[in-house]
Amino acid sequence: MPVSKRKVAVLGASGLVGQRLVRSLVGHPWFEVVALGGSKRRAGTPFRDVLHPLGSGDLHGAAVPQELADMRLLECEPGAAFDCDIVFSALPAEVAEQVEPAFAQAGYAVVSNARTYRMDADVPLVIPEVNHDHIALVEKQRRERGWRGCIVTNPNCSTIALTLTIAPLARKFGIEAVQVTTMQALSGAGLSGPSALDMLDNVVPYIGGEEDKLETEPQKLLGTLAAGSIEPMDIKISAQCNRVSTVHGHLECVAVKLGSRVEQDELLAAWAEWHPLQDAGLHLPSAPAQPVIYLQEPNRPQPRVDRDLENGMASIVGRLRPDPILDYKFVALGHNLARGAAGGTLLLAELLHASGAID
Amino acid sequence: MPVSKRKVAVLGASGLVGQRLVRSLVGHPWFEVVALGGSKRRAGTPFRDVLHPLGSGDLHGAAVPQELADMRLLECEPGAAFDCDIVFSALPAEVAEQVEPAFAQAGYAVVSNARTYRMDADVPLVIPEVNHDHIALVEKQRRERGWRGCIVTNPNCSTIALTLTIAPLARKFGIEAVQVTTMQALSGAGLSGPSALDMLDNVVPYIGGEEDKLETEPQKLLGTLAAGSIEPMDIKISAQCNRVSTVHGHLECVAVKLGSRVEQDELLAAWAEWHPLQDAGLHLPSAPAQPVIYLQEPNRPQPRVDRDLENGMASIVGRLRPDPILDYKFVALGHNLARGAAGGTLLLAELLHASGAID
Amino acid sequence: MPVSKRKVAVLGASGLVGQRLVRSLVGHPWFEVVALGGSKRRAGTPFRDVLHPLGSGDLHGAAVPQELADMRLLECEPGAAFDCDIVFSALPAEVAEQVEPAFAQAGYAVVSNARTYRMDADVPLVIPEVNHDHIALVEKQRRERGWRGCIVTNPNCSTIALTLTIAPLARKFGIEAVQVTTMQALSGAGLSGPSALDMLDNVVPYIGGEEDKLETEPQKLLGTLAAGSIEPMDIKISAQCNRVSTVHGHLECVAVKLGSRVEQDELLAAWAEWHPLQDAGLHLPSAPAQPVIYLQEPNRPQPRVDRDLENGMASIVGRLRPDPILDYKFVALGHNLARGAAGGTLLLAELLHASGAID
Amino acid sequence: MPVSKRKVAVLGASGLVGQRLVRSLVGHPWFEVVALGGSKRRAGTPFRDVLHPLGSGDLHGAAVPQELADMRLLECEPGAAFDCDIVFSALPAEVAEQVEPAFAQAGYAVVSNARTYRMDADVPLVIPEVNHDHIALVEKQRRERGWRGCIVTNPNCSTIALTLTIAPLARKFGIEAVQVTTMQALSGAGLSGPSALDMLDNVVPYIGGEEDKLETEPQKLLGTLAAGSIEPMDIKISAQCNRVSTVHGHLECVAVKLGSRVEQDELLAAWAEWHPLQDAGLHLPSAPAQPVIYLQEPNRPQPRVDRDLENGMASIVGRLRPDPILDYKFVALGHNLARGAAGGTLLLAELLHASGAID
């Protein structure tokens, strides 16, 4: 272990995403968890007492070490108890609203999975493989808000799965329109998600707020940073979001209209050859070797079978074929928890660390 | 019981659709089952011995009466044993290929759920509410093929759910394009469908042949009969079909491009006011009072909750809203077995009977 | 409609059991719903606004009529608004504790599904087929408590399924011990039951308080009323209760030690010939024609396939065979909602009405 | 890699158990796969072409290396192509009947998961933690059958989960009777198990042949080897077996009658202190550090949450409490595939290797 691991804290450690994050940080080469934040009501409770059996998020082999299990939850207020540089926020959106700016103002780099500030003009919304350059927006944010710290945000889980697959197409061929219908897993709704009685032998064709996020976040992610602000990509997105009975893994049926006439093989090549982090010389510990994996079998990807490929950090694609209305259609799968929530947030912190944006 | 019930037979009585059909015919006001056909191997077996616990297709209260249960399966060959006018075919497609023409030639009216002849130019493919006039095609069929009987066909189950919802829009406003992503129930795959080990905590984004049917059958159904042939409607359809863990009820996320600029309320009115059979003076016993039912709740329709409305014979619609790429999007639900396979075939036989196309 | 239907009310009308009860009462030959009670917070709300999509409990064809849907929920306090003789209580146990005695004291006959008073010495706990004579206990209850009304109680849902199957054996052969392991359906936990994330690809081997109920209630149900009190049957019961992913229908693996040496055929006959209500001249509208149905197939009963037999009012039994430790083992299935909660409560009210215990 | 890894083959490599076995052998410290056997029909097919997406059995991180994927399936006949000492048999029982003796006669040590020869008097049926001494029976087997090789067998998956939990109790306190009701996972039925249509919203209270295995195999496993034969333990076992909708992990509700009066804490201690392999100086690579793990939480063990503890090689126990009929009851969980089928067979081969029974 190097002497100088960077100290981090996790806010919202009693939720599904927070617990998965904590476990993902066990043995991390760059980061070391020194504090955990929970609700006021839970302050003082040892972490072990809020550990939920599902909190591992099927992160196999990642038990919580003794000293983390013994760590007592702190109230989420900046101060000496949070003796660290980075705070991960897995807070509910309405709690994040007050807490995240307070930490940013107090000098912490807040790396957030909450939706609250994602679409703010001076807040980077970043998928490292897609738009790592947007991280530079924190300079403007600090200047304008007078903060020593900053807030950077991880997109919605269904957004990440989609955007990883369309980014290489957008970069190479342009994209004008995207139709996407999702079949989203239960863990995306957290520990207080839908009841088994509602879901068994059923599909719920509605997830509150989800379609709006999926229709707008990719525009910002694929946008261009110029003169200190993001020009969103001009791309029409239509989303229909469904909750289905899978534990993890959002499956998405996608159709795209490209900016130019392209052969099917060119799309496959665009995915296969896309290694943007490696090309940028960014070697982040949690980054997948292959961010988009194409499966040849006619009936893949499938959530239970394929979600753990690349430790769940990649988007898995299959069934590419022409679309009679737009240009091409395909199926995409992304692990909503391993990548979407916990892993995406961690990767973003690694980018922030590697980019030198925090001292 | 009136003296003059029309005698019918069911071919393929050992499958899920065949068994549901037989039960749907118990107590039918116009039809009386006099013979049941099965595979050569099963000829002579009493129907009770092939009855599967799932064969009721959740048709509540419809036990199989003693005399039907005692009926012995016949080999599927026209002859004296089939002493009837109409034979329902719930045969596998490859078996239907030989058997159905044999019966048609021998003078039977074959009302088929098999996909084999659906797209033949002189074979009516009919949803009574959508294109009951196409039944007239049997005249040409008889003439050209020299048959005394005929073959008329019921569309694929996912086609019916979709076409019932877009037909009133097509009639009133025109339709240019339809994007549809389905989440289809297990009973659509019959008794030998996917294994529980494959489906639990999973979605399979592929159903063999299904997308092709869903992209072509509505064009014929919405087409125009003129000069003895069908001119398909010029409508682009793109389908993505998925198998999910529901027992019955295909859920479909649909987006449509209409032929003219239309307000949202006009679509709702088009659905609410659509009673084509009643308007045509066709009073078929199995027809739903309301073929398209719109639900106001933001998270409906749902398969388990809504599939049994109107005895499963209607398409249930919800979540109508503008689409950023095409014009509108919505969610549709159809009971694949109650309407799609068994009910649609029965309704078609009722139309054939009522239309006077058989003597 | 006969002039003289007895007026009834349903308390707890916003829960799963309450809603199923209300629907079961639609068109009832003896009873007419005149009032609905809910929580203080919901007082004044029209019933239609609390109707849950699952509230029908799969009671097919039982829509809620206009005048019931319009009925406004009342606070659960005895008074003029409750212009009726019988109040059904589908209240949570802790609410029932105050509310039920208040109604009983005010002269109402309270027919309760709550567990609160079931084991009280002067409160009848009754399955009409098993111990309809225990209803006489209300006389003692009224006398001792000085009530004009009364409280009678319906057992726990898993108790009913079990007790219906062992009662005829106990009556005929005696029973000394019962081992039972249950696999209980989700609807048994009501609308706020376990989350889908907890249940998918899982079984939870624990249901709070359930094993205690299942080990004690049958002793009282099978007990003897003498000198105004119940002598419980001396029978050892060991229960292990599990929650599984079924919508309705508690499946129970049972082993019994009988009071005498009995051949297997004698058990089958004991079940087949058991028609206690009919034998007692009690013709209750909701009573099943056959309270215990034995299925011969080696792999039955199964929850989804068999739970709706006899409108869900019977216990379905199968797989009777010798037990190496006790005497015999078998599998039993009971519909926890159709019979266990709503149907059992309704049947009990019918018994109370028919027995003349209320004027 | 040491020079001298022992060469092994896997027969039945196209099934679920065979594929999991092959993957478990990747990187094994003692064994090296040199041949794979399949059905006659598949002979010559590269292993990669029969790899099923579920064949990993959720063995995370265990991809099949190139040279194994390229290996062509051989017909299952002893000969030069099988250049190895040990053959694992994951064959169907009826195929194993001929194939296993042929290999044993030809000098191979056959380590089998098939049920065919388990109960033969001269065939060791072994769970290494329970009865590793029974392996000595191979001497008698070789002598009597004139074989150079031998057959040793792994018990049924539900047997292993149960027997691991009762063995330490039997050794320490004696056991007279065991009541067990199982809720078994889908992967226990292999790739051609029950259909999703049969299992969704359902439990099937029957598994062909399973109860008989579970009632007899533990008697042999807990028996005593004396004078070259096994004296079965005199213990009454009653089993009721159910198939439920879980992917992996058989859950078992158990009640036991012990041979002596014992306090609850003594049972907990018996489980906690039981390390029979370590005590015998047997250090087998796949053996769990703790073969029986007790969970304190009131609602555990649960299949999805707990099946992967100790790499799925342990039995997980919980809810120990007095039983009103026998002495104690508890809940046990065993991973049917990781331990029950593939892992148990591998551990047995390790025992055979370590015991010096093969040269």
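Chains here go by letter, A, B, C and D, matching the order in which they are written, and residues are numbered from 1 within each.
One rule holds for everything that comes next: a residue touches a chain if its C-beta (ideal position, glycine included) is under 8 Å from a C-beta of that chain, and two chains touch if they have at least 3 such contacts.
Just so we're clear, the structure is a prediction, and the values are computed from it rather than from any experiment.
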If you tally the C-beta contacts, which comes out ahead, A-D or A-C? A-C
Of all chains, the one whose CA centroid lies most distant from that of chain C is A
Which integer distance in Å separates the CA centroid of chain A from that of chain C? 49
If you average the Cα atoms of chain A and of chain B to get two centres, how far apart are those centres in Å? 43
Whole-Å distance, chain A centre to chain D centre, using C-alpha means? 41
Residue ranges of chain B touching at least 2 other chains are 54, 200-201, 245-247, 300, 302, 304-305
In the complex formed with chain A, which residues of chain B make contact? 177, 179, 181, 183, 200-206, 215, 236-238, 240, 242, 244-247, 251, 253, 255, 257, 298-305, 318-319, 323-326, 329, 331
Sites on chain B touched by chain D in the complex: 54, 186-187, 189, 191-201, 245-247
Taking the complex as given, what residues does chain D use to touch chain A? 53-54, 60, 200-201, 247, 297, 300, 302, 304-306, 308
